[in-house]
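Next up: some structures, all given as structure tokens.
Shared between the two complexes below is chain A, which has chain B as its partner in the first and chain C in the second.
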Partner chain A sequence: MNVISNNKWIGQRTIRPDGADKVTGRAAFAADTNMPGMIWGKVLRSPHPHARIKSIDTSKAEALPGVKAVVSARDIVDFPVDKSVMLGIQDMRWMCRNVMAREKALFPGHPIAAVAATTEAIAAHACELIEVDYEVLPWSIEIDDAIRPDAPILHDFLTFEGKPSNIAGKLEVKKGDIEQGFREAEVVIERSFSTRPVHQGYIEPHACLVSVGADNKTTIWSSSQGQFMVRAMTAYLTGIPQSDIRAIPAEIGGGFGGKTIVYLEPLATLLAKKSGRPVKMVMTREEVMRATGPTSGSKSTVKIGAKKDGTIVAAQGTFWLQAGALPGSPIRGAVGCSFSPYDIPHVLAVGFDVLSNRSKVAAYRAPGAPIGAYAVECVLDELAEALRMDPLELRLKNAAKQGTKAAFGPVFPRIGYIETLEAAKAHPHYTAPLGKWQGRGVASGFWFNAGGESSAQVNITEDGNVVVTTGHPDVGGSRAAIANICAELLGIDYKRVSVLIGDTATIGFSNLTGGSRVLFASAIVVTQSTDKIITTLRERAAKIWEIDPEAVKWENGAAHPASPNAGQFEPLTLAELAAKAPVMGGPIGAGVQLNTEGAEGGFGTHICDVEVDPELGIVRVIRYTAVQDVGRAIHPGYVEGQIQGGVAQGIGWALNEEYIYNKSGKVDNPGFLDYRMPVCSDLPMLDTVMVEVPNPKHPQGVKGVGEVPLVPVMAAVANAIHNALGKRFYSLPMSPPVVLEGMEDPEIRQAAE
Partner chain B sequence: MSELRYLAPHTLDEAIAAFAAAGSAARILAGGTDLLVQMRSGAVKPGLIVDIKKIAEMTAIEQTADGGFRIGAAVPGAVLSEHPRFGRAWPGVLEAVNLIGSTQVQGRASAGGNLCNGSPAGDSVPALVAAGAMVTLQGPNGRREIKVEDIPAGPGRTNLLPGEILVSFTLPPRPKGASDAYLRMIPRTEMDIAVVGVGVNLTIKDGVCTAARVGLGAVAPTVLLVEAAAKALIGSKLDDAALKAAASACSAACRPIDDKRGTIVYRTKVAGVLLKRTVAIAAARAREN
Partner chain C sequence: MTKLHVSTTINGEPVEFLCDPGDTMLDALRGPLGLTGSKEGCASGDCGACSITLDDRLVCSCLMLAVEAEGRDLQTIEGMASGDRLHPLQQKFLEMAALQCGICTSGMLVASDALLRKNPKPSEEEVRFWLAGNLCRCTGYDKIVRAVMETADEMREAAQ
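Up next is the complex of A and B:
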């Protein structure tokens, strides 16, 4: 491994810049901002899974004392359904219908109207006074119901194979000749799986405060994964030009992909504009659970063929992903990532985007990839068993490496997948003894990672310290990592570097925080900005010393004369050069804006031990080791935290998390009590192993690390349960009632004895 | 917009007078860990809240002359767990009370509130039923004492008369060889609601179970006293046959529903499993007393 070890700050577990504020309660999240004259906005939501909106009468609500404004779909800019207008991964045709129901209410919780009033209680009461005439329509929630020939169609204008359909899209990834591949196979395993939609589960509900001036100048404070996304979406949906909107990112209380989209900001903007008062909106947890996120539920079939020696020759996957009520499920992640850890000559992966009457899905940590990996990695486990091979050996034999052409297109450069397998195999966990009713499973996973647009401005203060401004909300430690990099490059203590997240008016366009892109991309623009500053500092020193700038080197936070002038002058520190700035050419600072390229995919391999309570059906994860190729860990504590966080979410997805629907098509568990994410005591210490294979296309070797760790988890847990019981579960979650029912299989007890 | 009044009287008489006068619009506030959540969700909109925490009798823990305990209805779980003797006498009741909510919630949540909330899944209730606890009620027509198991009337409903307030629990004295235990099944390890809860209180003399009571929660509209399970245990040495019979009696007593927290099949099976496990813990404790 090519680990850079002589760095002073890169690779250090420095104190996080946002830490003190967060533990003392000083950090300002979106709901913490208030303004004089502020009023409150509330949303009226559809009680029906599917209904035509025949009329909306808001007159009684408007007449209620204290009500200052009411808005409905007619106030939102319409994007006709026949013309796609993309903004990032979102299509504005669907966004305008998601923030406010237009022709039809498409899921329980779908916004119908919004009210702003002097108190939250008045706004809520006013919502009850709005009279909506619904024509209730038949509905479907589950995939099988939505794709039946007689299924109620959500959108007549969407067709599949020439007919109106709830299948909104199809995506295919192909390599080689799949039929030829299976003809060559000597062992073939084909299995079907299903997973439930799961919510991102961020602790902070969506919230915003919006103020619109008499001249339409608009300020938005909100919690999101991208202030520029908030600005653009709000501009599109309200008709206010982007230049008139200033979106200020609040400290974010978790996003995991679920805050790459807007729900409240356009509504609050329109309410503020109509009322002339600042409008604050904060979702309840119930609203979050009914009307935001989650990621897709799915069904899938995976078929893998191999030679008797373990060489995989063909792999086929069909993945049906729920989009919710408007198109856009992450089929790309499922079809693109599932087989990517392996060098397979013949691959066919097909994804279908399926509509039904549930809330529109939002991104969730490696969108689509965990769904695909769950199926693929479980089938690989069965294949290893059929071939009597160690499951890590099977993966090693077929592992993708430098030069492998991935089915989704690219040829891999130097990647670290094999290193993760070898580290897992060598880890003491892999050979530790297991007790009764205990089992061990392994699984791997891949995520694309992303680059894209980033901007940075690095300024030297008059007292010789550094302020770095970037444009990405910090969800996983980007501020700490950027401080480490900037301190390293300038050769100064990291405490002298302050890293801030600019708003849309104070920093250049930066794409949202997502795709594990932020540190990859912002490190590039910060590095280039800092390099420019170092050039300026050398020029300033050269000017003072009256020598050639090429004869000045920057080291340990100071300019030093280099040959032929070495030793002739005392070094000039950053502070000294900053003090001389006014007379030596002016302020010192540099900014860089780039569309960054070279983000390389990430791989992880996980080992999971479980213990099953055979009488209660409870599965507990008792040991977990996650190995990941992290490129270069700029701040190892944060990298470990990202890995542990992904694993924790995956264990929840595997064992307990699910939306439970009642008979009228409504979510019956819209809160954290009955939507069971893991609590601390549910998990063992989650061990991490960081394998560092630096990204050759990045100045510090950075690869995205935040999403990969969710990808292998459900399969690792499922494989461990199979190992414990000799029985496999093909659906998630593997919750106590499901497992206990499965325990009736007479072979189980024998297998465990 | 409706108005909300808040009173925090220092005497029970004042509390009852205000509570009775306000009728169905009034709610009693002890720890508030159910009431405030219900108000926030919009499920209840009381016109009057009577906070009983300033009434000395409601927050006192006393050892009675016969060696039993009297516990004020508003005593928080955290306070009960700090009592020097209660937990040794009634470890099962204490562990059940301490399962109401998180550590933070324990600073407020009380057994009285847990019982009056009327949830079939309240953790402290099966343990108190097994303990044979009596409750003291006081209302406009004076005081009365009834059994804990006679309080719940159905999900969210109790047999308290209009204007009545739950004042305290009385637990009987402990003979030698007596102890108790409570176990619940939850999918997580904490911060969850019982899918099944079992309280067992028993006395062992010379290796034979001489007295037993079994309380079963979350498997019927109210918490159940399962006399058939107790009968199966009494007179036995808690051998496999007796445990199996008691487990079957628990499963047979179940009248559960399928809901988001568990299925009929699952709850029925688990009731029997938990009975066996709870008896084992209670018996081990009893043998040490």
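Up next is the complex of A and C:
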């Protein structure tokens, strides 16, 4: 029996275990690690959006003094295009072609070769000496150009409806009979939308340091959302067995999904192997912007039909998502999440994965869901307007709840969506007065959340403290939450619990940090490990007291007799039992490895106020409230932080962020000055309301929280702009030039007066 | 290329180092000086992760040549705490969860400290505009702004 009487640490804003290192500059991020004898790797990248590589001559580069190794696609393990080899959601056929161009260069920035040299400058110079004979090919960047009948085809082996095509895939989600649904509808709104690709925008560029011994034993320090992903992908792409690779997770300087695949690690490994020297590679910001991430740009059409009383009877969405130059856009998120907050009898959602000559997309916070929700939640706003209904009332009337069958398959258990709507409606923000040129919008969003593989090892130190090791890189405070949980279970001060992220050699397999799964899954394996330890501690106390283990309870950090009947004994503390360990059965520790299940979807509802500057077209978000069902906030500070961070990213997506391409098919704004992410002076305080509807399938009630908060934002901002101006914008970003052009509509000024 | 010799003061300590003429101060800090608390997010002065002070003036060390440190006085994140005693801003960032991944944190703290030295009672707007050169992609800035303002309040109270 483990008695948790006062819930001391769960829900507390404790100091994170990695905190002191991060405020003093001590924390080691990927680019902060060096080794004796280390040399530098650099990547030669394609200047062309699309070109056949006829030959690569590296002889001049190899002859340059200081150059120690050169690699190209012939050094990377080839995965032939006719056979899919999946690693998680990634297909190694595409990964091997993404880390290094094979037959063709597919986007400007696509790696062609890599060089390692004694200095960065020599490596960069050597890249210039590599002679590549390109046959430049026609290219396309935008979706409409890529799906035209005469579009240049990126991959001849990919066909759609029997013909070579840039449509790499289609995904459909269906419920009921969509045609029947629209026949029942009395009001139908259908609109088309477009969004631009946006980058995850992590401040830390990709970086790694790799050392390979003469026996192939390989050590990788890198910044990623999964050291096991780094190990597996590097093994696949270099041919080195996983058992010979030790991937050490550096502190990660932001990922947001963008660090769920490798770019540099296999190249650095091959360079280190060839040169016999440790190789460090660090991307420039320009390389990050040209060659990594982003999430898809999109075009979509959404049609929703309702009865006059606001009952939604049919919803249809078609979503075209850019994959970049290799297949794999997040159509699952767009088709699966978009209509999921609503109980709709007839649903049809179709997604298309569209190739074009831009960098391969990577996951970005609830991949695909924000794109779908943007369209759906804007159409719902128009529907509410047409029905003369309050937009939150319309959502409440149709809200998914326990027992609702989502179009993507599952029947929802107890969920907290209605609670988020009610909390938003009751929030003073929703009824606060607005001034001239100001408007208010609302929107909701859903994300699947995820469970999956996790491992934990919990060890009691000889002095009676605790070390917890898990296998997920901590992107935003998960170590703090794990410390809270372990301390709670053991009934000790959280400061006695150290939480570490193990490397691939020291902790069991743990899947990526992604899908909002880390705390959900870690908490399960840490809880089960800690419970095993408590059982051991009770057994040892029972042995000392010569009573039955069932007669011992664990409470407040010590073993106690469970009842007066068990006998009169002084409590045995964790420290006392740890001290007796050598003579009482040995070290105290336990580990658990699991494929965790029971992650339930997350819902949020946001309220956004904007003010439009009619002379400059600048939209400022002046107030924002994000309500979310978080299950249970183990560390409220970092739960709020996830919500606030997601909202800020969404505001950037809505108002400013976009890739601007020039006429030669290259990104023209590959830096933070021109790729305009929100800065501190762009934003107001971001208020959060954490609704706690505990997940019944989780020991602490945890639901994933990281991804939901990005999903509703773009629609909330768009609906607020409509409320301010009486005009709707159907494409993102709603940047100053776009809004200014829209302001030329004479009705706007009249409406505002 | 012949290296250049630079004598300077970093975090109150006299320091000498060698650098190439084209090296930035950030290169020197992170390379020969081993002070990797300053981060490179952009190398173009847009993200502020490399913020340091040069003779009490806030600068992006990626926009400063290493040779410009000659005879000057530099402060980096590594000089912010006194031994094991954290600066009030550092402590407040921890207490208020004003960091997530931590890559911008060094620069945020150096910039916030520079603000409070100039303006011990900043308004929210002043904090936001002062920190507009320090990008954070994780937090939405909310907790950072609150932490800076609360620290300012407490430091003023402590000074009275």
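By definition in this document, the second predicted complex is superposed on the first by the 743 of 753 C-alpha atoms of A that agree within 3 Å, B and C clash if a C-alpha of one lies under 4 Å from a C-alpha of the other, contacts with A are read in each partner's own complex, and residues count from 1 in each chain.
Please note the rule applied: contacts are C-beta pairs under 8 Å (C-beta built on N, C-alpha and C of every residue); 3 or more make two chains touch, one makes a residue touch a chain.
The structure displayed is predicted, hence computed values, not measured ones.
Visitor: Which partner chains sit in contact with A:G409 here, chain B, chain C, both or neither? Use first/second/both/neither.
Guide: In the superposition, A:G409 contacts neither chain B nor chain C.
Visitor: Should A:L616 be classified as contacting the first partner (chain B), the second (chain C), both, or neither?
Guide: After superposition on chain A, A:L616 lies in contact with chain B alone.
Visitor: Is A:P737 in contact with chain B, with chain C, with both, or with neither (first, second, both, neither)?
Guide: Only chain B is touched by A:P737; chain C is not.
Visitor: Regarding the shared-chain residue A:P149, is it in contact with chain B (first), chain C (second), both, or neither?
Guide: So A:P149 meets neither chain B nor chain C here.
Visitor: Which holds for A:I122: it touches chain B only (first), chain C only (second), both, or neither?
Guide: first
Visitor: Please work out whether A:G476 is in contact with chain B alone, chain C alone, both, or neither, and reply first, second, both or neither.
Guide: In the superposed model, A:G476 contacts chain C only, not chain B.
Visitor: Considering only the touch criterion stated at the top, classify A:L673 as touching first (chain B), second (chain C), both, or neither.
Guide: Touch partners of A:L673: chain B and chain C.
Visitor: Looking at A:S681 after the superposition, I want to know if it touches chain B, chain C, both of them or none. Which is it: first, second, both, neither?
Guide: In the superposition, A:S681 contacts both chain B and chain C.
Visitor: When the two structures are laid over each other on chain A, which of chain B and chain C touches more residues of chain A?
Guide: Touched residues of chain A are more numerous for C.
Visitor: Now for A:P433: first (chain B), second (chain C), both, or neither, which partner does it touch?
Guide: neither
Visitor: Using the superposition described at the top, list the residues of chain A that contact chain B and also contact chain C.
Guide: Shared contact residues on chain A: 673, 678-679, 681-682.
Visitor: In their complex, what parts of chain A are in touch with chain B?
Guide: 121-122, 125, 286, 615-618, 655-656, 660, 668-669, 673-674, 676, 678-679, 681-682, 735-737, 740-741
Visitor: Which residues of chain C touch chain A in the complex?
Guide: Touching chain A: residues 30, 35-44, 46-47, 49, 76-78, 80-81, 86, 90, 93-97, 99-106, 109, 124-125, 127-129, 131-146 of chain C.
Visitor: Contact residues on chain A for chain C in the complex?
Guide: It comes out as residues 13, 15-16, 18-29, 31-32, 200-205, 251-256, 282, 284-285, 475-477, 635, 637-638, 640-642, 644-649, 671-673, 677-683, 685-686.
Visitor: Would you pull the chain B residues touching chain A in the complex into a rising list?
Guide: Residue list for chain B touching chain A: 1, 41, 185, 187-193, 195, 260-263, 265-266, 269-270, 273.
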